[in-house]
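Each in structure tokens, the structures are laid out below.
Two complexes are shown next, each including chain A; its partner changes from chain B in the first to chain C in the second.
On to the complex of A and B.
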């Protein structure tokens, strides 16, 4: 594996920023789509930046992710291609969500270039805003040490945090106070040329370090998943799992893949019944919990997400009640995606399995169930 | 509360003996949602229909549930009665207690319980039905037939009638394969004579307009309202408005160039059956020994082409007719000769001294055939000429029309019929039929039968002077909810949905929509919705069923 290795002289954000500035100055891009610290200094937002001055204030590697990048990008490009060449700097799960949304015609990828980077994970937003300074410092430590504790739970079990499976044009790696540039797409050659870099340095050491980390994370993940599997067996356990849920639907609102204009579970037909209907149900079950349709919402959303969930954990980050919703969605998503041999957002050309359904496709699966 | 009438049909002894209808009545009677339960011995009979209509009027029913046979059988019958009785026919739900209970569940007690659940479900559902309106659109009764082989010609003759224009477009000369044939098995009549007669007929038919050496440039629209652009022989453009299309573009004979063991194009005395009958037999003096090899290409494409065995025997006879002393060998793997004339045909061929040799494997060399015989013995035979009976494969333009008209191909590349047994000449796209060699390998008889079938289907679907009735149980897209993700478009097998790019939403073509519900099931937000299977209807039905 070959790429370009650069020594980091100042800090990571500045090193990446300098690369971006050069590319904009040399007119390879008209604008940059990247997180910027918001003036209150407690959070970050994606900004579409044309002004070179504002480029100074970007934070390509923010310690938290209040808005999933794909969700932000959707608002920008939903209605068609832009006449600007835009450079987007995003985390692997954000890029995969963007590609998934492109398959669903909610993002137009033309004229967009993606830079991904080795993602150390993010801190829960609610924690971050309590003491930003502490976490700003901590994220640097995290990158150096690659530790999982204190991160978003989904991040600590994320196995697609590096260039593997990330459909970016160019990937940026970190290794021992160095920044590595790894060209992924054909497109990236032009970028290297403009930067006068040649992809000639040996990246093996970095790759080995990523693989070691990946192994550790995979172990974490299967441990977590088997725990979740036990915790959610049967409808009663599942009810228990979601027991803290106040049915606020925040998880749906922040999820990049929940792309609907109006969520089905908020449609009048689905969410409001006549009192008589509720009474009838209460009579049958001995009582019903209000607000109602809580489990229907979660199971329904799970059904809608299973094939496309990128496991970013934004849903859980946005949950006011600390329901481990991101973890279970990631777990179920993984199971379903395995069945179809599909990894959401990995490859634009690969259609979502729902769209390629063939009548005889599931026989294999049916048979194994029958034999049991 | 609306007045719901429940009708139980005994279906003679069919239902009455297997389901305890007294028990059903007793249980359902307690349900406040039903105004009255009626019972009849045979509701679909004339007497039964009269009873139904009178009861509706007498009791002032507003909605009807009928527990009887499969809706496939009599839903339309009862809907007509309702319409005549002044009710909207969609305020109706049929419960299948015959196929799904009486005939399925031998235990009478269980069958009865099942019937009760199904009936309850229907009763719970019916109040959520909305009256649907049967729409009608203007349409053209005219027909476009593409391809003027014998199938196309025959289809044209059978669709032609007063008040209906038939257009037949052929890219070459009229006649297709038959132009290349000497005679036709099994009767051995002249192919040319038959063809000439038919060509004369269509050319002089007042209702048929023939376009030879013409090209289909574009086809837009849908059932009842297609527009085709054609480039004619003299390079002029003609625009046709038609209501339906029949594809009769035939197939092709396989060219065995890629199968080296058959020596085609390697040895100058090896021909395909097609070439032999078309020209070789006329040009050359026939040599002493000729071998005809069957099943060429069969293994490669994985099906039997149906015509080659009989056709090989036909060639043997043509050879014998022309040159009595030529020795003819038939090398076959399997003999496929179904049909009432063919045992006799085979016998007669054999009697003329034609020798049949069964092979397991074959290799064609210079003036010889090396083969492994049925009993695993390696043998060799020297011959002067070899004819390869090659199979039939899809024509070159099949894919082009599949894309143009949004119809699928089968695994072998022929046009795919809607249902191999039940709808062999229709496609999944309403208004587009297929017939002849483009549907699959077949002989003339089959091709002509298909021509008749596709003509019949077309004639009955669009009648001159009548407007087209459009399916009322379609889906609809809520503009204000749809996000234009295109999921529905890609799961609709009937090509009824498209994305309106300017609004970035999906739109449904109600003429093409068959109400399958795929889109409604796939759309996450519920923007795509089925008019007769709304979430409420399904929910209420299931709730009562599972209670």
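On to the complex of A and C.
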């Protein structure tokens, strides 16, 4: 594995910023799509930057993720192809969600270039805004030590945090006070040429460190999943798992994959019923909880989007009741993606399983008992 | 007191619904507690329809369409199979009564088969007892 190793002289954000500034100055990109700290200093937002001066204030590595990058990018390319060349600096899960949205025809990837980086995970937004200074310092240490405590629960079980399975153009790794530039796509050669870098340095040491971390995270993940499997087995357990849910649908609104402008669960067909109907249901069940259709919403949403779930955990971050919804979607996503041997966002050419089929498959789900 | 179970059948207009019609015309026995819903294709059945039926107290749900390869719209039933497999997998993972959902292929000429499948399914559901989701006010 070959790439370019650069020593970090100040801090990580500045080192990445310098690379971006060079690329914009040399007119390889017309604009940059990157997180910037908002003026109140308590949060971060994606900014489409044309002005070189604003480039000074970017934070390519924010310690929190209030808005999923793919969700932000979707608004940018909603009406189709861009004529400007835009550089997007995003986390691996954000890039995978963007590719998934491209498959769903919600994002146009033409003229977009993606830089990904070794993601140390993010802190829960609600925790971050309480004491930004503490976490700003922490994120740098996190990157150095790769610790998991205090991170978003989904981040500590994420196994696609590095260049694996992420269709970025160029990947930026961190290793022992060095920045590693690893070209992934064919496009990236041009970028390296402009930066006058040659991908000749040996990256094996970094790769080994990533693999060690990956092994640890995979163990975490399978431990967490077997725990979740026990926690949610059976009707009573599942009811208890979602008991705090107030049916606000915020998990759906912050989800990068849930793109429908009218969610089925908010349509009149699904959710507006006459009082008599609710009375009939209450008679049947003994009573019904209001607002109704909470469990149908969660289980139905799993059917609609779990195959594309990238496991970013935005849903859990947005949940006002601290329901571990991100973890359960990650768990069920993993289960159903295995069924079709599919990894969301890995490859643009690979169709979403529900949009394709094989003639001879899944016979175990058909009723075969009565076949002649 | 044992009550008769409620079974919802989503039947594809071109095959299974015609098979139900044929079964009736041929005076074959079809369970009286089967409520049929005609859909234009088995792939029209959103998994949420089935969840709605479950949560509102249906004891069994049957989805029936044309045999693979015979779909009126060429490929609809292949997509339906994937969707249903996904739903069954989710129900299996959470252990919420996956056995109460059945996917069958019944062509327009198979009135006999329609009668057999529905009777067998009705018997199976009756033996399985009422849907446990029925008496769960907090699981809606």
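As a convention for this text, the second predicted complex is superposed on the first by the 360 of 372 C-alpha atoms of A that agree within 3 Å, B and C clash if a C-alpha of one lies under 4 Å from a C-alpha of the other, contacts with A are read in each partner's own complex, and residues count from 1 in each chain.
We adopt the following convention: a contact is a pair of C-beta atoms (placed from the backbone, for glycine too) under 8 Å apart; a residue touches a chain by one contact, two chains touch by 3 or more.
Just so it is clear, the model here is predicted, and its values are computed rather than measured.
Enquirer: Taking chain A as the common reference for superposition, should the pair chain B and chain C be classed as clashing or as fitting?
Expert: clash
Enquirer: Applying the touch criterion given at the start, work out whether A:269 contacts chain B, chain C, both or neither, answering first, second, both or neither.
Expert: first
Enquirer: Can A:259 be said to touch chain B (first), chain C (second), both, or neither?
Expert: The answer is first: A:259 touches chain B but not chain C.
Enquirer: For A:233, is the partner it touches chain B (first), chain C (second), both, or none of the two (neither)?
Expert: Touch partner of A:233: chain C, not chain B.
Enquirer: Looking at the overlay, what does A:134 touch: chain B (first), chain C (second), both, or neither?
Expert: After superposing on A, A:134 lies clear of both chain B and chain C.
Enquirer: In the overlaid three-chain picture, which partner chain does A:357 touch, first (chain B) or second (chain C), both, or neither?
Expert: After superposition on chain A, A:357 lies in contact with both partners, chain B and chain C.
Enquirer: Could you tell me if A:284 is touching chain B, chain C, both of them or neither one (first, second, both, neither)?
Expert: Both: A:284 reaches chain B and chain C.
Enquirer: Counting residues of chain A touched by each partner, does chain B or chain C come out ahead?
Expert: Touched residues of chain A are more numerous for C.
Enquirer: After the superposition on A, what does A:105 contact: first (chain B), second (chain C), both or neither?
Expert: first
Enquirer: Classify the contacts of A:79 with the two partner chains as first (chain B alone), second (chain C alone), both, or neither.
Expert: After superposing on A, A:79 lies in contact with chain B but is clear of chain C.
Enquirer: Which region of chain B runs into chain C, 98-106, 188-196 or 386-394, after the two models are superposed?
Expert: 98-106
Enquirer: Check chain A for residues that touch chain B in one structure and chain C in the other, and list them.
Expert: Shared contact residues on chain A (touching chain B in one complex, chain C in the other): 264, 270, 284, 304, 354, 357.
Enquirer: Show which residues of chain C lie in contact with chain A when the two form their complex.
Expert: Touching chain A: residues 46-48, 51-52, 55-57, 68-69, 75, 78-79, 81-90, 93-96, 102-105, 113, 116-117, 120, 132-140 of chain C.
Enquirer: Quick check on the complex: what are the chain B residues that touch chain A?
Expert: Those in contact with chain A are residues 480-487, 490-491, 499, 504, 522, 524-527, 534-536, 547.
Enquirer: Using the touch definition up top, name the residues of chain A that touch chain C in the complex.
Expert: 229, 232-235, 238-239, 243, 264-265, 270, 281-282, 284-289, 292-296, 299-300, 302-304, 306-307, 332, 335-336, 339-340, 353-354, 357-359, 361-362, 365-367, 369-370, 372
Enquirer: Okay, in this complex, where on chain A does chain B touch?
Expert: Residue positions touching the partner: 78-79, 104-106, 259-264, 267, 269-270, 284, 304, 351-352, 354-355, 357.
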